[in-house]
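Structures for review follow.
You will see two complexes here that share subunit A, one where it goes with subunit B and one where it goes with subunit C.
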Partner chain A sequence: MRTRKPFRAATLAERHRKGQAMAAVFLGATVFAVLSLLILLASVIDQTAGYVLVEYGTSEADVFPPGEDGSVPPIGSLSSPELIAVLSDNLGPRRLKALELESPLEERSRGDLADLVLAEVLEPEIVRTWTLFESLSSRSDILAWSAANVPDGALMFRFWLSPDFLSRSQSSDALFAGVRSAIIGSLMTIVLTVLIAFPLGLGAAIYLEEYSRDNAVNRFIKTNIYNLSGVPSIIYGMLGLGIFVRFLGPLTSGAAFGLAGGVAGDAGPGGSAAGGVVDAAVSAIVDGRTVLSASLTLALLILPTIIINAQEAIRAIPRGLRESGYALGATKWQVISGHVLPASMDRILTGTVLAVSRGIGETAPLVLVGASTFLTKDPTGIFSKFTTLPIQIYQWTARPQAEFRNIAAAAIVVLMVLLMSLNATAILLRNKYRSERRG
Partner chain B sequence: MTRGATLAGRKRPGEALVYGFLLFAAGVSVLTTVGIVVTLGKESFPFFLEVSPWEFLTSGRWQPQIGDFGILPLFTATVLTSLVAMAIAIPAGLASAIYLSEYASAGVRNVLKPALEVLAGVPSVVYGFFALQTVTPALRWVFGIERVDVYNTLSAGLVMGVLILPLISSMCEDALSAVPNSLREGAYALGATKIEVSLKVVMPTAFSGLAAAFIVGLSRAVGETMIVALAAGSGPALTLNPFRAAETMTGHIVRISGGDLSYDSIDYNSLFAIGLVLFAITLTLNVVSNRLVRKYREVY
Partner chain C sequence: MYMDINAPGIDAPAIETRAMNFWYGSSQAVYDVDMKIRKNRVTAIIGPSGCGKSTALRTFNRMNDLIPGTRVEGQILFNGDDIYDSSVDPVALRSRIGMVFQKPNPFPKSIRENILWGARINGFEGDPDELVETSLRRVYLWEEVKDKLKKNAFDLSGGQQQRLCIARAIAVGPEILLMDEPTSALDPISSGKIEDLMTEFKERFTIIIVTHNMQQAGRISDETAFFLNGILVEMGPTRDLFFNPRDKRTESYISGRFG
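Showing the complex of A and B:
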């Protein structure tokens, strides 16, 4: 057996040294978290701009009318009639007819027509994309690579996050895809979610804090809310699929209100090709995959968080405020609506906004509730099919082609800006309530 | 209750109406729970008529095309990603909580806490993008392209750890700051250094609260979906190698339900069976953590 060293207490200096080392570890862990955030943001930004190497199916010189000096004019300088002429010269009659059906060519804007010429006639195809960091750090390598491998390709520096990206609708081509439908869908869904969840959440919190007695039923409700707040969001998606989409399908699709026609019109490429009135009506009845279903699902998802936050806000109001109200002869509801709620509204709103921010970023439940993979029309009402920004990010990220990562990153920036402006609104609202209370 | 002369018997229909609505609002949460249980039970019932629960829980293959429904490969992938996540989130979360609660000055706290809150507020689909776009290539660069798959559970788990870190950190911090100052001062009076107070007095006292935080974090890891759906792989595989692709329970549900799925097929019903297992696991974890939280509230 090894002889044990005699016990010697650590000196104070040793203990302090150990303490400093551990403190450095603690600080390191915190810095690690912050650093992760920075790397995450940097890697998103890195994808939102950079060089793109494009190869055209048809060269510009072949289709554009030559300018006065014989050179090929850039697409931006052509007028609408010239663009229409290019289209009718180069597209087959069937494709032209299909385009006319979508919306007559003469009525389209110049920008729209230019996009059409690009997509339908010139048929650009992305050969390779580079990230912002690569584009800035090894520009000459990129130029050399392009010249060597694709001599007739066009190399351009592209900001994927552009006004066009915000205003275009979905497309299967990364060069022409945009997030308009997704932004509209996200905003509609979240507004409806708040309209459903806020009154219910606030009501439940008032009941639990002001009315409920401490009995078994109310304790069960409280435990239940706590447990619900820990249920994974995907389970809420299954709830939404089972209850709102299927069981309540006639209500959430709008069929019960005689709105089946409007929904059938949105049925997408497959639905419009199938045509028949009966088919459309049937598909509308069973299809509860609408903005309404999504909002109801998200509302249930964020409800526990809203309730718990609102409960804490109401609990923080001192008893004296309530008692002085009662002493003046106010009824219970008068005390609550006139004193307790105004005094706690700033914290209630802050808590609600936190819950809503979580709701905006949710993806999994909406995949289950049936967000559309490809939307031909913007959502117009609560019975429309929908997609949202997170869904769009998910679908683009899951694609194997690199250029879809670029537009996914651009969509992430849009989503984060949306979240940040929401939080800024919350802070403004809170300050407003606070100053009103003081003044 | 006192009864005034004229106001006493006055009916107040408005008050009753308000009370009715508030009661309903509180009832919605109970209805939600009932809805979850009923939906999962009802939709998975036809599945369990065809596949016995025993086979479902013990068979090692998940191949719906040939009628194999054994949840083990999905389950092991969930365990693997969650373990990797916890291996990051527990030490880092606890350490940053100790730093913020015991060491940081007010100025540093005011910078670091909001940063952690931003980290907690980033949607999980963005983390999924980050895992696939940045972390996986980095792992492949470090460990070698032939050893690390394009989709792998390690990358998903690591990023999930970063996602859960702020949650664990803030829950741990709550638990640590709930420890009364008199305990700290008593230890200092006996000549303990700061680190000894933090590790040997404050941490053991807050133990149940810390444990609750870890369990809530684990529950979040098990239920986390978008990171694993994007980065962990899309095919069930029974493997414990974190460099290989393997689909988790949540990842499988999202992938299958996002495709063309016909209602009332066995594939559809099998998703609800997985959901039932997921719900049971997370509910158990939450109930345990709830007990622990109550315990540390009662102590002082």
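Showing the complex of A and C:
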């Protein structure tokens, strides 16, 4: 009898080995990616809480009314009138007047007044901050260092990402800075961006997929929409600066609608400090660096992505669905509005939200169209000056003081939460439409 | 068993083609076809794959207009009027000549919406519940779905979906029903139900059915047209065509020698 040779045994082990080696490489790549992400997240979160060593310019005992037992009451226990009394006792008349002008002291909330007392009277100064990891792992070292170097300082554990951080507006002092204006700015900008980009993008996609003839011009347009989606965002920023801020300034600043005076004096670099003369000069200049300009620029930026996504969604609708509509005597628009759009809406919306997620994180184009890096007032409308979260983060990380890195980290967490909620919305929308149609 | 189509009282044809030629771009799919489709009859179009039978069917409601680069020559008369005349709006034409496709393709909506959509876009203003019920009853689907009209049409079986598509087509109130291999994606029992429907429907509609299945053509049709390579080889009463074909090619095809 003939013995059968094992089938290609010589190369079989070798082939298996190759396969296992490749699997190991793929696993390695995945592990590397996950680890990098975890390290990134950890380093961000590490910065958002930790010990802060603060030295007060004025001691609490010197300014607060002593309690019944002679001890110094904590600032949290003082009432509004008491806080106002502390302010008027310790601030110069000029500063008091300026504060009254911003908003009368009597009308301010207790929290605002407490902040004012802290910032204006006690004048805390950060000596040093520690990260969360350091604070937890070497607490005794921190205590020892503080006692040795700044004996009269106050050491406190601080969560930089706090309700106060979310509700306060910008300040040049990291202890009092917040992201309220930036969150409102980001949300206003992105909502307006969607309102502009979604109808335009969907309309263009419908035209290109359903109505346009397959000729050279349309093929050229389609190709270039793909190319546009790859253009660096800073180029869009320059476009936005040239067209929306400069050329269309009268429109985007609201001047054409008689709004410029009130808005230009609002805030902005040098606005409040420089005084009335400069304010008047600023308001005379048409200034298109507004929420509207930013939204138009971002809309242009995400438009190609929205168009491409919507085109692909529309193209994915099977011909049978359209034909069964036409066969019942439907017009083209009846087929599109009755069947093509409802059936492709889940993909269109998903694509749009993903494009918007990209837009909300953009910094470069907004720097160019003139996002304010320091803004103490919230944007109130589409003709307001604005700042956004990425701009705020960018500006804080550029500061030399270590504590700004802490609030930048806190702002990064806010931005990430915002982005993740957007993506979650995308998934919910997709599931909603998908469960409505199926098949 | 079969109706005698030569009996007196047969009026003008529902559809008549005169020297119909059809092109996809530069390749011709249908050559010089002259055919008359009788009113209130079931006419079957048979032939091997790619013989132009579906193409011919789709010219009758100008469905081919939707495919870029197609071209028709000759005349196609519907009740005596040329449907390719410039004054004819294909949208209006299609509401009078309904169509059922090979693959059941209900809309991704509720059963009820499937029936109502076509009627609504054509300006239906009557009682929607009544329309849904009568349309579903005509295809014997009512008893099966009357408790789940709000359910998605994709919940139905393939055969039920196809009957729903037929109900959807007749809800618009057409005069002619074009059926493009309506049972080829279905099991024999579902196919049987649809064949039964066609026999009933011919009192109300003129039915033209394209089919691969010669037994089916033999069972349900009054007249049969045999296409080969884009040419109408032979057309006549189904019994004559099956038992006494005039053309050699028809005989070969029917006896299973090719196709």
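Methods note: the second predicted complex is superposed on the first by the 396 of 439 C-alpha atoms of A that agree within 3 Å, B and C clash if a C-alpha of one lies under 4 Å from a C-alpha of the other, contacts with A are read in each partner's own complex, and residues count from 1 in each chain.
In this text, a residue touches a chain if its C-beta (ideal position, glycine included) is under 8 Å from a C-beta of that chain, and two chains touch if they have at least 3 such contacts.
For clarity, every value in this text was computed on a predicted model and none was experimentally measured.
Student: Which partner does A:Ala29 contact after superposing on A: first (subunit B), second (subunit C), both, neither?
Tutor: The first partner, subunit B, only.
Student: When the two structures are overlaid on chain A, which partner does A:His339 contact: first (subunit B), second (subunit C), both, or neither?
Tutor: second
Student: With the two structures laid over each other on chain A, which partner does A:Thr223 touch: subunit B (first), subunit C (second), both, or neither?
Tutor: Touch partner of A:Thr223: subunit B, not subunit C.
Student: I'd like to know which partner A:Phe374 touches here: subunit B for first, subunit C for second, both or neither.
Tutor: Neither: A:Phe374 stays clear of subunit B and subunit C.
Student: Once the shared chain is lined up, is A:Thr331 touching subunit B (first), subunit C (second), both, or neither of them?
Tutor: Touch status of A:Thr331: both partners.
Student: Please indicate which partner A:Phe157 is in contact with in the superposed arrangement: first for subunit B, second for subunit C, both, or neither.
Tutor: After superposition on chain A, A:Phe157 lies in contact with neither partner.
Student: Is subunit A touched at more residues by subunit B or by subunit C?
Tutor: Ranking subunit B and subunit C by residues of subunit A touched puts B first.
Student: Quick check for you: in the superposed arrangement, does A:Pro199 touch first (subunit B), second (subunit C), both or neither?
Tutor: First partner only, subunit B.
Student: For A:Phe257, decide between first (touching subunit B), second (touching subunit C), both and neither.
Tutor: Neither partner.
Student: Indicate the residue numbers of subunit A shared between its subunit B interface and its subunit C interface, in ascending order.
Tutor: The overlap between the subunit B and subunit C interfaces on subunit A comprises residues 329, 331.
Student: Taking the complex as given, what residues does subunit A use to touch subunit B?
Tutor: 12, 15-16, 18-19, 22-23, 25-30, 32-34, 36-37, 39-40, 43-44, 47, 199-204, 206-208, 211-212, 220-221, 223-228, 230-239, 241-243, 246, 300, 303-304, 307, 329, 331-333, 354, 357-358, 360-364, 367-368, 373, 390, 393-394, 397-398, 405, 408-409, 412, 415-416, 419, 423
Student: Any idea which subunit C residues touch subunit A in the complex?
Tutor: It is residues 61, 63, 66, 68, 91-96, 98-99, 101, 103, 105-109, 117-118, 121-122, 152, 154, 165, 168-169, 172 of subunit C that touch subunit A.
Student: Which subunit A residues qualify as touching subunit C in the complex?
Tutor: 214, 318, 320-331, 334, 338-339, 342-343, 436-439
Student: Applying the document's contact rule, which stretches of subunit B touch subunit A when the two form their complex?
Tutor: Residue positions touching the partner: 7, 12, 14-15, 18-19, 21-30, 32-33, 35-36, 39-40, 42-43, 91-96, 98-100, 103-104, 112, 115-116, 118-119, 121-130, 132-134, 162, 165-166, 169, 193-196, 199, 216, 219-220, 222-226, 229-230, 250, 253-254, 257-258, 263, 271-272, 275, 278-279, 282-283, 285-287, 289-290.
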